[in-house]
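In the two complexes that follow, subunit A is the common piece, with subunit B as its partner first and subunit C second.
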Partner chain A sequence: MTTAILNERRQQVHRTGQGPMDLACNRDSLAGAVSQRACVFCGSRVVLYPIADALHLVHGPIGCAAYTWDIRGALSSGPELHRLSFSTDLQERDVIFGGEKKLTAALNELIDRHQPKAAFVYSTCIVGIIGDDLKAVCRAMSEKKGIPVLPVQSEGFKGNKRSGYLAACQAMFQLIGTGDVTGIPATSVNLFGDFNLAGEIWIIREYLKRMGVAVVANITGDGRVDDIRRCHGAALNLVQCSGATMDLAKMMQESHGVPFIRVSYLGIEDMADSLYRVAEFFKDCDPKIMDRTRELVRDELNKLLPELAMLRRDLEGKKAAIYVGGAFKAFSLIKALRHLGMQVVLVGSQTGTKEDYEELATITDPGTIIVDDSNPLELSAFLKEQAVDIFVGGVKERPIAYKLGMGFCDHNHERKIALEGFIGMAHFAREVHRSVMSPVWLFTSRKITASTRPIIKEAVA
Partner chain B sequence: MMISKQTYASTTNACKLCKPLGATMAFKGIEGCVPFLHGSQGCATYMRRYIISHFREPMDIASSSLGEKEAVYGGGANLKKGILNVMKKYEPSVVGVATTCLTEIIGDDAPRLVKEFQSEFSDLDLPRIVTVSTPSFGGTHMEGFNATVKAVVDQLTEATEAHPTVNLLPGFVSPEDLRHLKEIVQGFDLPLTMLPDYSETLDGPSLEEYQKIPDGGTSLAQIQAMAGAPATIEFGRTLDPKTSAGGLLEARHGIPLYSLGLPLGIRETDALFRVLEKFSRRPTPRRFELERGRLVDAYVDGHKYIFGKKAVVYGEEDLVVGLTAFLAEIGVKPVLVASGGNSGRMAEAIKTVCSPMLPELPLVREGVDFFEIAELAKGLKPDLALGNSKGYRVLAKELDIPLIRVGFPIHDRFGAQRVLHLGYRGAQGLFDAVVNAVLQKTQDDSDIGYGYF
Partner chain C sequence: MLLRHTPKEITERSALSINPAKTCQPVGAMYASLGVHGCLPHSHGSQGCCAYHRSALTRHYKEPISAATSSFTEGASVFGGQANLLQAIENIFTVYEPEVIAVHTTCLSETIGDDLPQMTDKARESGKIPDGKHVIFANTPSYVGSHVTGFSNMVKGMLRVAESTGKKNGKVNIIPGWVEPADMEEIKRLCALIGVAITLFPDTSGVLNGPMSGQYKMFPEGGVTIRELKGTGDAIGTLALGDWCSADAARYLDSQFKVPCRILEMPFGLKATDRFIDALRTIAGVSVPEEIAHERGQLVDLISDMHQYFYHKKVALVGDPDQLIALTEFFTSIDMWPIHIVTGTPGKRFEKKIKKLTEGSPFPVNVRSAGDMFLLHQWIKNEPVDLILGNTYCKYIARDEDIPQVRFGFPILDRVGHQYFPTVGYKGGIRLLEKVLNALLDRKDRDDSEQSFELVL
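Then we have the complex of A and B:
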């Protein structure tokens, strides 16, 4: 087991209950370690991608745009410009002579063709080195076309995914405060850090509607430029997804005085708690809101709990591992898995903070492995050591689990099944159940058990 | 027929991927090899995700993870440290280092850095390190793939005594294709070195232990001995034999090169079998004759369902040339043949494989994106499309025509690694798929509810 961890990475692994918790995190990935992380550009692209009526132009070589073409399940109720992949596809001559001319021509062409409400221009590694003046090109194009053309300073090598989140927030911040806020009711919020994967933000918006809370802007799932421009008119920001949009929430608090609370829509407790906190915030201007919220939670739980109880019978005592992008999601997942009677034995994230990991250490059982910025070899060693029944993670984690003959639950940005809200908890439970209880594990070599032997014995008898 | 002027300044929905991706695929087909990208972390992660979604297998790609400091002062230290870390954790016999945009632009000289590394750590048991230059501001994943095969041959083969093992350079095909090619060559009792061979590394069995590097791949010893082969067979009509890996083996070691098209459809497969008969001095084994016979029989049984149907074909240049050869011989009319690749050789290759089957040559477009492909296709009113899954939403769904998924990537169907394109057997599968796609479309579009066709 120990051979799977490189010495330099030892401080990024912790076991709950063993020694003081002092996880080193937010470090740059170790060269040669096959990190599951991506780059600055990826961070920006993830956050801004769901803004559906904006043009997203990747200024760089073709790969950066090609690998991020329509890969995320961020749905739109209207325009779907975000689902196309635009690139300047820089060639050698552009690298030598500069890419500004090509960028200008591409913006000109694409804005005319698609008439977007705004354009985001993503910088990539190449652009950071050849020194194109993105800001100047964007400024000129903005004046020419009469729409915001915003540079996103997302050169891949200038930090990690978190720096990309910040660059995305800075780009969006330029929009905020430029729209008309008349007509926004007092009980109104913006939804930060929800990307409307599989229509999740629609579930949350429906809950808020039943509570009597208006949503001004989705940031960014099913997002619209004009909504973002006026979102400073909302009374409160609800921030999900720890890394991605927290910077923007802080900027808005400072500049526009809009307070924020951190929420999570995953799992029963966190979902209910998030709604109650919204109700708590608005109870002075809407005294009935708490009653409506209680009623909502009660209704939803009445629908949900019988099914969960049924699934729990099968899942009780099974072991689960979690490896996700942001650590905040991991908290909710731990609680959700416990609801199913499952034991979490490994939890890790690509971009968790020190505080995140400290909190994980306090809420997990003794012996649980906590890891920052892990890699396939480490993860496979941990999974085997802990004899995990299901691994909850993203695309890159899936084959690790499957190769080892373990169940897997996709909890990534490609998902097609909504996992947020009370209904999402049901989906999550079914998804976990579907994988853990499948008979196929009886054939994988790690678990060839008594159950396949009787048939074989009978056949050769 | 061929228009190659750049129509648009921008690229929308690229019909190509970047060079380093091709490099990692080729490296993945070498036994004990870890692909290593010298660049920023994102490249490796993006490509891993993209490749994993197709093969449904682990695809570990190491990265030198350059940060801002290294981008300014050079990435040499990270490259060396990265290789050391890969050695510690993976114990590879080969490390395949491909450069990226970033490291090419900052001027890192990977071969020199690797030489330094080898002398600095000469006391260690070092893996063989192959370097290939793959900046993606130009070319596609196929240039990366081909450049890597060539780099491997260039840097690892050694002059050796003549032996009977034939070299086969199959190009970027599926694991099932690779397995079938081995089966075909073995059918002639010919010993074979196929480079690369990711038939096991990217389509392996379920295992009890997680393998650091999956079993399989062309071994170092096999690669070293390629210089003593009686012949090299290299697939790909758009490859220039003067600059290809096969060309290098011919120029440097005098090994006769047989440049063939991808054996897709009867005629291109016949060409491969004739070459194998010549080498082995044996007739084609009966089972392959039978496969060919059944295929011809199927062509006859199904010909009326598909005659005159119009098809759009897109993807890697060599693949689309092969698919066009196949379509031309079954009576389907390719109306648009398109690729993001820009070899300048595709139009000529299409002309060759279409004659004398097609009275009218298809529109051939190199260096195009899906925006242009869809734009052109709309006017041509095609009945079906053949290509990877990236053309689903923007082309096939848009035009309401069936898409037969071939090549890479197939992200929206199951079993991509087992799609067989090559040989008579591959053509049989493709033919059935084309006929059934047409039948299903007819059935779905009709209110009658036909129960037989």
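Then we have the complex of A and C:
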């Protein structure tokens, strides 16, 4: 099978060690490509939707709301308003005569009934075309109801998912600085770019608590409007997930002087390193923090490492491919897979930046394929060429892997178990082991040698 | 409770849809397109639409779903999408090599006024469509109708390739409507048993219920071929199953090529299947084959064996019009009574039809077109039911109100089986009743007190 690459896409594929690294990225997808990418609205929606006590109203035809109705599994410890789907369900007459009246009526009704702490109103393609004045409607409603009603300028065609992240950040930024910061301790942080999939943010908050660090706001997993309003009172922002909330961290640094550090809670080194950097930041005001952090890491590793060593016996030398939304996550995944003795032979992302890809080229082994904005045909050809044992990706990649007779691990919206933190690394290792070693592959045409049969049983169910 | 935000008191809403019982046209067009052999669906709009539709279909079928997009940017939205579509057609035929591209529009391309007939003509004239390859299309504005409308529009769009040679080919066109691949397979099996030569379109069997092969095929074996679609103009007749999904295409063949059509209900349940089988038998001029009579007998046998458990059970139904009409008839025929019936798809004639079907109901009946699941939930709060039948999104209501649910419709994101087992025909009826009974009896076993817990039911 030849590896099918659109000629125009050759610049978006690189092999580590072969020629200079100069990946063309952050460009629009080609028309006609079976792209795995999404739109601006999608970017905004996934970032904001975990704020559980806000109203999220999609101003557009029904599809935009229907497809984003509770798809991400962002858990809340309290309100569940975010799990309902609200839409103005624009009809032909609204497209002709404008949808502002309908939007006003919808907001009126929803705010009265649900008494949310704030409302986010998402613009969609059609709203951008018919020219509804979202800002004016939101401003008027804000005054009338006495809560922030925030327009999210997320018209689908105005870029890709990254532009949607920015629009979400701009909407949230309007909240920040409007709350009372009294009582916030000196050792305090905000968690940026964690969406509490499978309860992950609770794991991180627990680590920080053990270190003696207070969390002011979750942005946005298990998020609350009032927390976000006062989050400028925190001493530091911890920014995970490269694309989604980096813009907001930069805005906050500029306007409120809150510094940020980039962190990752995936894998052993990145998790430990992130905690150490937080401790480092606060060591002057809390001299004991470093000791507590070391103790925490030691405790967690003592629990984790024996299990990893055991799983590694089966996984040593197996090949993995990674295709993720933002490239930053790929760095952590590569390291995590190496801990399992696995070799990463393909790394791709929908929206990586030039810097991301340069970094990937540095840390991957020679021959590793690096790809931007790929498509199923290309991915499946690379997966076969590299004889991959497990594919780490999202919803649209899963059935491709299975058809090819490969294991799969969802590291995106549809993960059902927490993959962050030290315990998350154990979960990840178990999930990879479970899929790579599944007996189902013995029934398939892919060649399985006796040595790939699992030699160990999972210690923990 | 997840839906604690749903109040019992019902107020009229005009500006707002909450927890939709529908989605937009393009995903229906995409599903229909996948029932054409070697077809790559193409979404003429922003990237997000295409990604969402592919994800929705992938989650429902657990199969790879490929579709291309015109990847609209701000420029295209201002100057029109012609350049994008022409480049897309060229790229798709060069790289992915489909037999057919099925283009559907989105709210964006509809609103800026992109003219698909003119654009596809232009693609043909400028040689972007290789010899023997085809581009079909349908207008599917997201702000009109629902996913059902989009499906229907694309089915009609397929007939752009239909021809009339003036000589009948002896075949019957069957338009199955939005049913599962397994249902399409079952319809073909029944037709073969009766001995009627058919063209089934669309036909997603073999496309979206394929085996695990160790190969990734962008274009699996199944689907109606362009040659077969061309022949639909020479057919001796058309059977359209479901007014909402299939009637437009059937009427088009009638008016365009004088192919007479009959519009039947989707063959869910005893009576609707009887009518379908009778129509086929009449066309073939044969009596009903023993095998099919046997299957019918088994369905009736099951109903009679267990009828005491169906008696006066109240059901809430939510889904698409064609399915709900057939299911309402099925349930009432076995003494179960749908009392809340909601479709998200607009159309007052749906309400009329359901009211007629439930005329003899011992209970007051609520029915709504252009409704949503928020309303359904409110109705259930006011008048509880014994069973909810609908897609996966019903699980919120089922959990909150502690009511058993049978999954049926689109999308099903949390169970399997719909890919493999039909619910049309007599055998499908048996499966549907098995699921309904199991749900009811599992609940009975769970709720019965120790004293009244029975081994034999």
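The criterion applied here is as follows: the second predicted complex is superposed on the first by the 444 of 461 C-alpha atoms of A that agree within 3 Å, B and C clash if a C-alpha of one lies under 4 Å from a C-alpha of the other, contacts with A are read in each partner's own complex, and residues count from 1 in each chain.
Just so we're on the same page, a residue touches a chain if its C-beta (ideal position, glycine included) is under 8 Å from a C-beta of that chain, and two chains touch if they have at least 3 such contacts.
Keep in mind that this is a model prediction, so the values were computed, not measured.
Enquirer: Put subunit B and subunit C onto subunit A via the superposition and say whether they clash or fit.
Expert: In the arrangement built by aligning on subunit A, the partners subunit C and subunit B clash.
Enquirer: With both complexes overlaid on chain A, does A:C125 touch subunit B (first), subunit C (second), both or neither?
Expert: A:C125 contacts both subunit B and subunit C.
Enquirer: Which holds for A:T351: it touches subunit B only (first), subunit C only (second), both, or neither?
Expert: neither
Enquirer: Taking the superposition on A as described, I'd like to know which of subunit B and subunit C A:L81 touches: first, second, both or neither.
Expert: After superposing on A, A:L81 lies in contact with subunit C but is clear of subunit B.
Enquirer: Name the contact category of A:I62: first (subunit B only), second (subunit C only), both, or neither.
Expert: After superposing on A, A:I62 lies in contact with both subunit B and subunit C.
Enquirer: Go through the superposed model and pick first if A:T364 touches only subunit B, second if only subunit C, both, or neither.
Expert: neither
Enquirer: Intersection of subunit A residues contacting subunit B with those contacting subunit C?
Expert: Common interface on subunit A, subunit B vs subunit C: 4, 6, 28-42, 60-69, 71, 83-92, 94-95, 102, 105-106, 109-110, 124-126, 128-130, 156-160, 376-377, 380, 384, 395-396, 398-400, 402-405, 444-446.
Enquirer: What residues of subunit C sit close enough to touch subunit A in their complex?
Expert: Subunit C residues touching subunit A: 2-5, 7, 11, 13-20, 22-27, 40, 42, 45-56, 58-59, 62-74, 76-77, 83-85, 87-92, 94-96, 106-108, 111-112, 141-144, 146, 210, 212-218, 344, 374, 393, 396.
Enquirer: Under the stated contact criterion, what part of subunit B meets subunit A in this complex?
Expert: 8-14, 16-18, 20-21, 36, 39-50, 52-53, 56-68, 70-71, 78-79, 81-86, 88-90, 100-102, 105-106, 135-138, 140, 204, 206-212, 340, 390, 393-394
Enquirer: Mind listing the subunit A positions that touch subunit C in their complex?
Expert: Contact set of subunit A toward subunit C: 4, 6, 8, 28-42, 60-69, 71, 80-81, 83-92, 94-95, 101-106, 109-110, 113-114, 124-126, 128-130, 156-160, 376-377, 380, 384, 395-396, 398-400, 402-405, 444-446.
Enquirer: Would you tell me which residues of subunit A are touching subunit B in their complex?
Expert: 3-4, 6, 28-42, 57, 60-71, 83-92, 94-95, 102, 105-110, 124-126, 128-130, 156-160, 376-377, 380-381, 384, 395-396, 398-400, 402-405, 443-446
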